[in-house]
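What follows is a set of structures to go through.
Across the two complexes that follow, chain A remains constant while its partner is chain B and subsequently chain C.
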Partner chain A sequence: MKKHQDQGGLKPEYASILDGFYRGLAPSGLSPDYRAETEVYRRRSRLASAGRLYESLMSASGVAAGPRVGYFCNLVPEELIRACGAVPVRLCELDHACARLGEEVLPGDACPMIKSICGSAAAGRYRDLDLLVIPAACDGKAKLSELLAPVRPVYLLDLPRSSEYLRNADAWTGRYQDFFDFLKERFRSRAGRSELTAECRRANLRTQLFRRLYHFRAGHPGLINHFDYFTLVSLSFRLEPEAWLDLAGEILAEAVGRAEGLKFDGRRILLAGSPIIFPAYKVLDILYEFNCEAVADSLCSGYGHLYDPVEIDEETETGIIRALALKYLAASLCPCFMGLNKLLDLLVDTTAEYRLDGVIYHDLRLCQVFDMQTVAIRQVLKEKRIPFLSIKTDLGREDTGQLKTRIEAFLEMLG
Partner chain B sequence: MKPRRRITLSRRIIQLACLILLVYGGYLFKGRLAGQEANVGEPPGTGGSLFPDLKAPKGAMSTTQFAPGSILWPSGATPVLENYPPTLVCRFNPKGGLFKACIVHFFSENFTWQTHLKYLLPHLTLFVLLCFLLGRFWCGWVCPIGSLGDLLSWLRRRMNVPVRRFPAGFRNALVFSSYGLLGATLGISTFIGLPNYSRFQCYWFLPYCQICPARLVCPVFGLIKPGWKDFTNGVSATFTLLAWLVLGLFVAAFYWGRRVWCHLCPVGLVNSWFNRGAGLELHKKAVKCNKCGYCADACPMGLTAMYEADTDRKYNQNGCIMCLRCLEVCPKDGCLSCRFFGRRVLESRY
Partner chain C sequence: MAIAGLDIGSVATKCVVVDDGRIIGAALVRTGTDTEKAATRALADALQQARLERAVLEKIVSTGYGRRQCGLADRVITEISAAGAGAFRMNGRRPGLVVDIGGQDTKVIEINGEGSVSDFLMNDKCAAGTGRFLELMAQVLETDMEGFSQLARSAEAPRRLNATCSVFAESEVVSLIAHGESKTNIAAGLFEAVASRVAAMLRQFQEQPVFFCGGGARSPALRLALERLAGRPVQVLDPPQFVVAFGAAMLPDGV
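Up next is the complex of A and B:
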């Protein structure tokens, strides 16, 4: 095992002091109960198979046994973790209760996701994990590698923060290779290219089904509604690909069977911006109320998590790791990785291809990078005559009324 | 991943077929399509064929004159067809091969012989026509030497050795050297064809062929020992050493760098002049691109123009061998497309 400084983290002495503080914050732990929310969304779904979908949110079935590796962001290759025999769990979460606890740890003007994560960590929800992998995406995530170090061992995946392929491909490959070597050592695995190829194939199967589902939703809005969709993607954060395929396949099959003669008289919009993860469906709730469907998105908890495949060009170990780097980093839409060109292209192309009514930009308050690029998106979409609404919100429900007014006005403006 | 390898699979099948056809054509078709025996001294075009059988004038050096053991042997065999396609078909194929020779051989030989333009014109027209039709598609899908190189690359991948990616500067230097090689070849060939300098012909004839790795590799297919060394005098010895060096470079380039060699190949260079105007075109719809870089990563020639492209238009690069690998690996539906005279033939699909 390498020294803790190499992986990110704190000296044992400091870590234990901080750990004592965390344990004092939530001595009884915190286990949010989402039964009420699940019931609401299950009833809203038009599909019978959605029952199983929302049950899976509550149960632990479909999660493989083995050492569990928690990771954040869509920048950590699951395939590498799986190849080493560990189980990747994406921990990104947006939970109001956890965020409130997180405010005891972090300043109030930190981003809601970071607060939520910190709250969860302080409440002891990560203590059954074997390792935390934190990419240095935004400043908040990078800093978490130190703040979460008392909770579990942390690996800081330090990445050059630009998604320019020509300049960074070699550097990315190197970082991922280091990460893979670390994982192999940590989990005593002898994984090589055959394991990596197999994992890439599993992930690609998921991508194939996801793409079919994504295109189906654009053509048949409302059948698989946006709650089902985002719940499905949230589930892929921890389910094994096969379990996820089973679930999503059932939903898609039922939807395809019922697509005949279906009419949708609402609005179809593209949702861009900050991630939306169960149970933080406030914006989706409002859209649903106005019979507006988010049929496409550019979120890292939606399109960004599952749409891009791994395309192995050279089946050498380095070649596969490089292909993973391109999938996760070069194609990344994360505003931390300067992917504004790609995002604008995606917005313009998708709205034209699916003839969508407009773009709604969901901006979680206090995330600087998402906020800063709004101006560029607004101006470009204005020039392209694509209706655009930017909404700034957080996890609380206090601003629901105000959001409703703005969204209603926007939808009315669409004519 | 099932439908994703269709292009590469068809390419491999075509490459293998072309390798067999072009190299063993001499064995396969001899007796049915064979032309007349080489009759040195007669003017070309006497056979009444559309494509005249180009022959050496009296007193000039010709490839039929070399004996076993000399550096330009075996080259005397008559090919099945007297044509020069835009790909590396070697004069040194066992039994002559299907076609006569590559375009560099054609130029070198005929510049030395000072063949009249009217005999060259039919051959040149066919060559230019084929080039305009498909561009460097010939390099990527037909060239037997390129196919062999791909086999070397495959071997490397099997051995889990990562590919070496050479910087653009290095690749440009290779293209520059290629111009040098072609220029020197044509210069020497013209010079030794001048009346007063014909005495140099016996050592300086076909200068590029003397160092070309295809000359050493092709005879091996027919289990014939190529003329791999000649130390009788300084010129031949230099050519022998150069040939070894180039062969080493050739193997190393294909093994570590995929198609890096093809930047240096003068036949590829001549083809590349037609690439931008060729009927076969690569297009990009820039708004669909997600900048994943898979196209640039997969390009065996190391070209990045397709990745960098920001506007919708044709992107035929000089170096592009039309292997369509970029189109195959592109994960965005309809982003890259291949057109033939404006008609959409293939497009990227995941």
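Up next is the complex of A and C:
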């Protein structure tokens, strides 16, 4: 089992030197306070049940007890972690203050999310977790597996970066199986087929409700607005599936009850590109100001996190793990994986299905692989006569004026 | 009745008074730090030239980066829609691509046969490739924009510059001068650097006629560099700095 721990580790001597450096960066810690933002978005919501939604951001209820496994990226199967009796917490974050602290460890032009994570780690925000799981989905995350090693034990989930699943399904299944074996030993679990089946069922219930909510939003824009939606998905990063179902079910039920006769005179767009996670809602704020709703998306912090079910063909442990590999990897829209065909199909098909007004591509500056796709997407969508706007931004607010000009002009162009 | 179009840019505020589709008054002032003051002055100057009182104006439409910081306007539109509308009406109502090089933005706007914007591209946050970049480089070469353009036109072999950032470009220029490179070749190289960025933006669109406006279009050297690098004629709209303000005044209601 030692080989796994070595995968993302640092020698104790080096780890301790780096740990000392981190502790000196933020000796009094760093605990971002989002009460003001929470209040703003709660007031913008048109639903009474959103009160509980935004309160949940500030509270620890709905989170299970047990050893906590922090993970990054939506390529880590929560089902495997839960089956072993541990509690998965997705730690992907976009916090400006943490990212600034992260710049004391990483270069300023590193990816904003990696900087934010590194800042949080240096500030001691991960010290109460039992394990960190980092998929080598991109170079930044792979490097994090070494830089976070001084903070907590790290498991590096190394995955081949091609989404041609016929060729890679065996390799992915093997990596997930290794990870599952590691978790079982680490948390002294004897989990197998029946625990895995149960966890897949829980996750699929969440997916079912999510799909209903997703389709509802496209047909009834603005009722569950894009802030409510992305907040709901952000909450699924840490809530138990049942707690999430309870919250999302209440929101959807209220919205369905009020949907009749609802009019929306704004624009409906699909948001593609880099993730949007509470409280980094700058682009959503601007869209809202111009009465434009992001009613569909292709983000790993939205559609990509909850839309795909686990589809089990063969009810053996290996069969289930293989089904998980297909759910997480074959369906991934991450530009680090070769999934541009899937992304383009999704943009073209969804825009037609929901008769959307266009696509806005959110490019968090410096995550270069997102930007590397921009020209290809722009050219294909132009040929298909789908209005397209690409915006480059970061976590700061100083470019709000420039972003407004681009978005407002795009909306004027739509007529 | 006359309409005023106010284009409040990052460097200059432009105002035109339009009557029956014709510009009867135009004024340009530095924007400075007080947007409201610059807008008021530009409007007063343009009205004076048009020999009109403000009270007779049917409406005032503002555009540009300061479009919302001006209390004078009855209507606000973005400079992208305004540039498209202005260019279409100044180029004989032809579809094509409008290149607008302003103080802090460089845009390529595609206009269709009806004169509506059908697509656009803008440079990102960075100032390289904008009018402000060229102004800074003129300072480094110890000349003004006109002298800068003249320098470039007598170049023998434009000097290729490597830096893409304004700050680094400045030190690169200084070091080239120190190493004996002629100012003419450096000037030509700087215009080529800006033009090549714009040419790359143009290549994102299907080939069609190119119209040039904004402060940058006042520089013949930049137009020539752009023609060379884009491989097609570039028509400067006249007067280039007032295209956007004119478009704002000419846009029918409801964009």
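One rule holds in what follows: the second predicted complex is superposed on the first by the 410 of 415 C-alpha atoms of A that agree within 3 Å, B and C clash if a C-alpha of one lies under 4 Å from a C-alpha of the other, contacts with A are read in each partner's own complex, and residues count from 1 in each chain.
The rule we apply is simple: a residue touches a chain if its C-beta (ideal position, glycine included) is under 8 Å from a C-beta of that chain, and two chains touch if they have at least 3 such contacts.
All values reported here derive from a predicted model rather than from experimental measurement.
Novice: Just checking: does A:D265 make contact with chain B only, chain C only, both, or neither of them? Give me first, second, both or neither.
Specialist: A:D265: touches no partner chain.
Novice: For A:D33 in the superposed arrangement: first (chain B), second (chain C), both or neither?
Specialist: neither
Novice: In the superposed model, does chain B or chain C contact more residues of chain A?
Specialist: B
Novice: Tell me which partner A:K392 touches in the superposition: chain B (first), chain C (second), both or neither.
Specialist: Touch status of A:K392: second partner only.
Novice: Classify the contacts of A:M413 with the two partner chains as first (chain B alone), second (chain C alone), both, or neither.
Specialist: Touch partner of A:M413: chain C, not chain B.
Novice: I'd like to know which partner A:R211 touches here: chain B for first, chain C for second, both or neither.
Specialist: first
Novice: Report for A:E13: first if it touches chain B alone, second if chain C alone, otherwise both or neither.
Specialist: neither
Novice: Please output the residues of chain A touching chain C within their complex, sorted ascending.
Specialist: It comes out as residues 365, 375, 378-379, 382, 387-388, 392, 399, 401-402, 405-406, 408-409, 412-413, 415.
Novice: Can you list the residues on chain A that touch chain B in the complex?
Specialist: Residues of chain A touching chain B: 163, 165-166, 169-170, 192-193, 201, 204, 208, 211, 308-309, 311, 313-319, 322-323, 326-327, 330-331, 339, 341-342, 345-346, 348-349.
Novice: Within their complex, state which residues of chain C touch chain A.
Specialist: Against chain A, the touching part of chain C is residues 65, 77-81, 105, 116-120, 122, 124-125, 204, 255.
Novice: What part of chain B is in contact with chain A in the complex they form?
Specialist: Its residues touching chain A are 1, 4, 157, 160-163, 165, 286-294, 296-298, 304, 307-308, 325, 329, 331, 350.
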